[in-house]
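What follows is chain A paired twice: with chain B in the first complex and chain C in the second.
Here is the complex of A and B:
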């Protein structure tokens, strides 16, 4: 009887995680493995016949000069530029906001609510709203910039082949700052106040306190945050897709997920689209595994 | 502890027994009623879902009105139910529905090329078994052919034919520039069009383009404001080229391989179309312009002329009821014929998951009857597939259809085979290269040479 109870106790954790494991197998592992398989085939769409073509899709993308391969390298570098700009901007603004919210000031509650708004708006609605704000003729941005004398002529901010990436980066930053703020704020709240008092006694100024107490204390939470947001924004699709005109591959906001979408669903080259996604995943894994390893090492130390 | 477990089990058993008893009683109840009633129960009408991609208020109202009319005419037999869909979501809708084995509408509205792809993927049924001689007579042979696959299967019914491109003009702008309003059926040549657009490109001092002292940096009204993105550059540019040559730009050559053909006449038309910014009649902002922004610029008087599909007449009426505008045909140097691709139309498909294909077919072909066609076409301001609908007073006496009637009078249907790699070719090569011509970074001749160098590789991959 005692043995059975022990056995049951040992099994209990497995039973508890079973639903999650099943969900992971169905929604993560299966798509990942099938995506990997498709990337070595010439499959056109789900349900179609798939012939094994080995590394042809990968070679065509990396070496090729026609079709989507024309834009592969460009999209790859633009994905890096996009991710660094968005995540970097979110981190800097998120940190400033978190530091502000960690202090007491008049209207703090209202400010806390306002800062969370971008996170609550559905991304499609948000992208369409920003598209309207950026509209060359009727957007509020052009209207006020002209009214205040910053520009003489209306500017087309997005949607042209030579439009810069940063107007969309601003949207990405705006979207992600609330999450970054929340995470960093929770980290700030956990720092022992006595550390600051001791530093003050030792004559440390605010900047020194920030560099020697705040940042090291936040290190783990910053790394986790940056890893998470890097993954999310590397794979970001909706903002770039909605705010760019149809068939705008090669534009500066065109990243790997956009290219994969065109290949897989627009042109019915699921095999090649899967290859783009796998390459994208591998790059992300290399960055992440290295970061995780470093983090684990520092935690052990 | 043990006793509690026994109580729990007993309670559970009792509850299960009670549930079973209730279920049994419920199951027996209809039988009892049936035995009392010697007459067989009346057959329930068959329910079918109709997924429509209508998006403007007038078209959404009209499809609902038509469904109501259908239900009245088929009372007791079929009940059609409106399902609001959208152009972007239709593909995912049918793909998910077929993969999931059902749960989607019995009738889906879409466009011919996309429906053909669905048929090839096995998503939609062959409508042939439901096409009677009477149904066959509701649409010209060319339109049936455009909806027939290589295996002889008819994959789609017809609602409206391919859209016609129109020039929308602001009569006040024409009058202010001293240009006579175009008469019914009048067609401007490209040179006339460019000259008139220059006259209507006006700066803040009221001077027009070409006049001495004209301030190009302070234009308040542009002569012509088309939407110039990668998609439009292809759709509209290739349409102009087709009007000039009578053949689609992308077609199979003598060697049986897909290629793009830039005949001289096609290049002439493209030269005009792609020079609008360079000529100063169109602002740089027209690149990447959204449809609603273009409408607004037209309404506010910032654009004297815009170029849009015929369906936008209804959209402008919906959004700007007080706005007076006119429509005319696109500029053409040869006006004997308007070449229309019959594969550009719209219609209905029946997904393979439909449990009531016969009733669904009844609906889709009912929509091809002249009166229903006229109602639908009027709401969309698009051309009906059934020529008899053009004689319906809803269309025959409607000024919005004047330019369309002219087009139909000189129309020739030229079926183009669809190259499966056309989209990729357009997105990755044609459109970005032609965009460089539009922005003045390269010449049309150099662009043509660049496109021709690798066009076959993409189109025949």
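Here is the complex of A and C:
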């Protein structure tokens, strides 16, 4: 399409992308590079002087000797655990929901709208609401778990320094199911129905159809989706921040973004906060590098 | 006969199973919302009822009144702050990314691949890293504790998604329409203004809605950059309000209802187009 004669104009496209490119440089590339610079300095708080300290911040974090650095390794593994379980949970539930919604049945549009709701509410409201659901005295979740015999007495699920991360994982899954569902559903709708008819004629059962037709047809959309959701949830902040205890040092369920934020803005070690973020970015990059490379290749084609 | 009956039965069983599964997932998705509404209409003593019931024992609007009158809630002020910041940052994002989306959709040019890959990679950069650098820069420019500072941050986070979605919408408009018009003698600017923009308008609106909601709901930067209560946006104000209230869940849930209704309505209106744009943008 882009090769057609009328679109061979030389300069217009460059003018059109110029504002975006300038904005990207000012608002993303420059902060990225200056953040990298600050991670090699001892800058403590806003307006303080930044002295070059080389790799000191990184070494301190990895050795785990000072301040919040003690909690770096813990947050690091927690981030991996958090991302895998949230994205995995969203994907499985989202795929099931999309498959269910891809059939014709009574009440389909009502279900579609209801299932979308977790996506529409502000993340702050969501986090507060789940905190109320997890309430240790009058919470809905404690009530039903006790009633159904899963717990003996009421549990304090979140908000304590030693709280586990998985109650928050459930919130993350809850949040992300609609987006996954909608994306996968749009992929399912694009699959040619005749493929299934042909498979039925050949005697393939539902499971075989799913494995040999549905999954391969969805491959692109699944890959892109998992890639983006992994990036987003790796860096997610709101749920963990709001559900964590205020000002708590060494919060057990914290992830790297939370640690970086506390380090920078609560404990006023901007340099170390930047170093945490840079390590977080590098690890994510390593996890993603294969996919990104393939993406680059497919873009070039 | 038997076989047909059997298949009917199997089909029936399958349908029941699917309905049951779907209903279970739907309940998982909406019970917290139902609980927000229920709590917001409940009187303080019954919120602390050790038994759970889904209909308020004594229906009351007390929580709403107390939130609207509470000086710590500052709903009106925060609402205006959110509106100003989200609206301005969305308009600026749209203005610059619409052009880029159109260019990416219609031309091959040097650096196009680099731009595409960069747009993908930017999603990996932790918000905290951008926030740290932006904070230092904003401080040098004396823009901490100003709405302009927050607007600048939101422009940075809106760029990638907006460009992607808009490219997706422009891709869905056939290039033939433009070619025909230009063969008929119209110049490009006229074509863009008279033909492309009207066709792309729903897509541009949906992108705007998505960016607007993202900014409207944003918490991390808003809570860091704006520290004065009269500047706070709704999402920060409600968390702050919760600090004042000390787990008085009735007013907090009433506040939540007030905060979430406008954004949910906008979301549901723009939803179909938004998803179309996201999928088109991502899968190419």
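Keep in mind that, in the parts below, the second predicted complex is superposed on the first by the 270 of 301 C-alpha atoms of A that agree within 3 Å, B and C clash if a C-alpha of one lies under 4 Å from a C-alpha of the other, contacts with A are read in each partner's own complex, and residues count from 1 in each chain.
Note that in this section contacts are C-beta pairs under 8 Å (C-beta built on N, C-alpha and C of every residue); 3 or more make two chains touch, one makes a residue touch a chain.
Quantities reported herein were computed from a predicted structural model and do not represent experimental measurements.
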Contacts of A:280 with chain B and chain C, given as first, second, both or neither: second
Which superposed partner A:160 touches (first chain B, second chain C, both, neither): first
Chain A residues touched by each partner, larger count belonging to chain B or chain C: C
Contacts of A:266 with chain B and chain C, given as first, second, both or neither: first
Which of chain B and chain C A:168 touches, first, second, both or neither: neither
Which of chain B and chain C A:46 touches, first, second, both or neither: both
Chain B versus chain C as contact partner of A:135, first or second or both or neither: both
Chain B versus chain C as contact partner of A:186, first or second or both or neither: second
Contacts of A:27 with chain B and chain C, given as first, second, both or neither: second
Set intersection of chain A contacts, chain C complex versus chain B complex: 46-47, 135, 137-138, 246, 265
Residue ranges of chain A in contact with chain C within the complex: 1-4, 6-7, 9, 12-17, 19-21, 23-24, 27-28, 30-32, 34-35, 38, 43, 46-47, 93, 96-97, 100-101, 103, 105, 111, 113-126, 128-130, 132-133, 135, 137-138, 140, 143-144, 174, 177-178, 182-183, 186-187, 220-221, 224-225, 228, 231-232, 234-235, 237-238, 241-242, 246, 256-257, 260-261, 264-265, 270, 273-274, 276-278, 280-281, 284-285, 288, 292, 295-296, 299-300
Chain B contact footprint on chain A (complex, rising order): 45-48, 65-68, 70-71, 131, 135-138, 152-154, 156, 158-163, 245-250, 262, 265-269
For the chain C and chain A complex, residues of the former touching the latter: 15, 18-19, 21-22, 25-26, 28-33, 35-36, 39, 47-52, 95-97, 99-100, 102-109, 113, 115-118, 120-137, 139, 144, 152-153, 155-156, 159, 163, 175, 178-179, 182, 188, 216-217, 219-220, 224, 234-236, 238-239, 242-243, 247, 249, 252-253, 256, 259-260, 263-264, 267-268, 271, 275-276, 278-279, 282-283
Chain A-touching residues of chain B, taken from the complex the two chains share: 91, 95, 99, 117, 121-122, 217, 229-231, 234, 284-285, 287-290, 293, 296-297, 300, 302, 420-421, 423-429, 431-432, 435, 439, 454, 457-458, 461
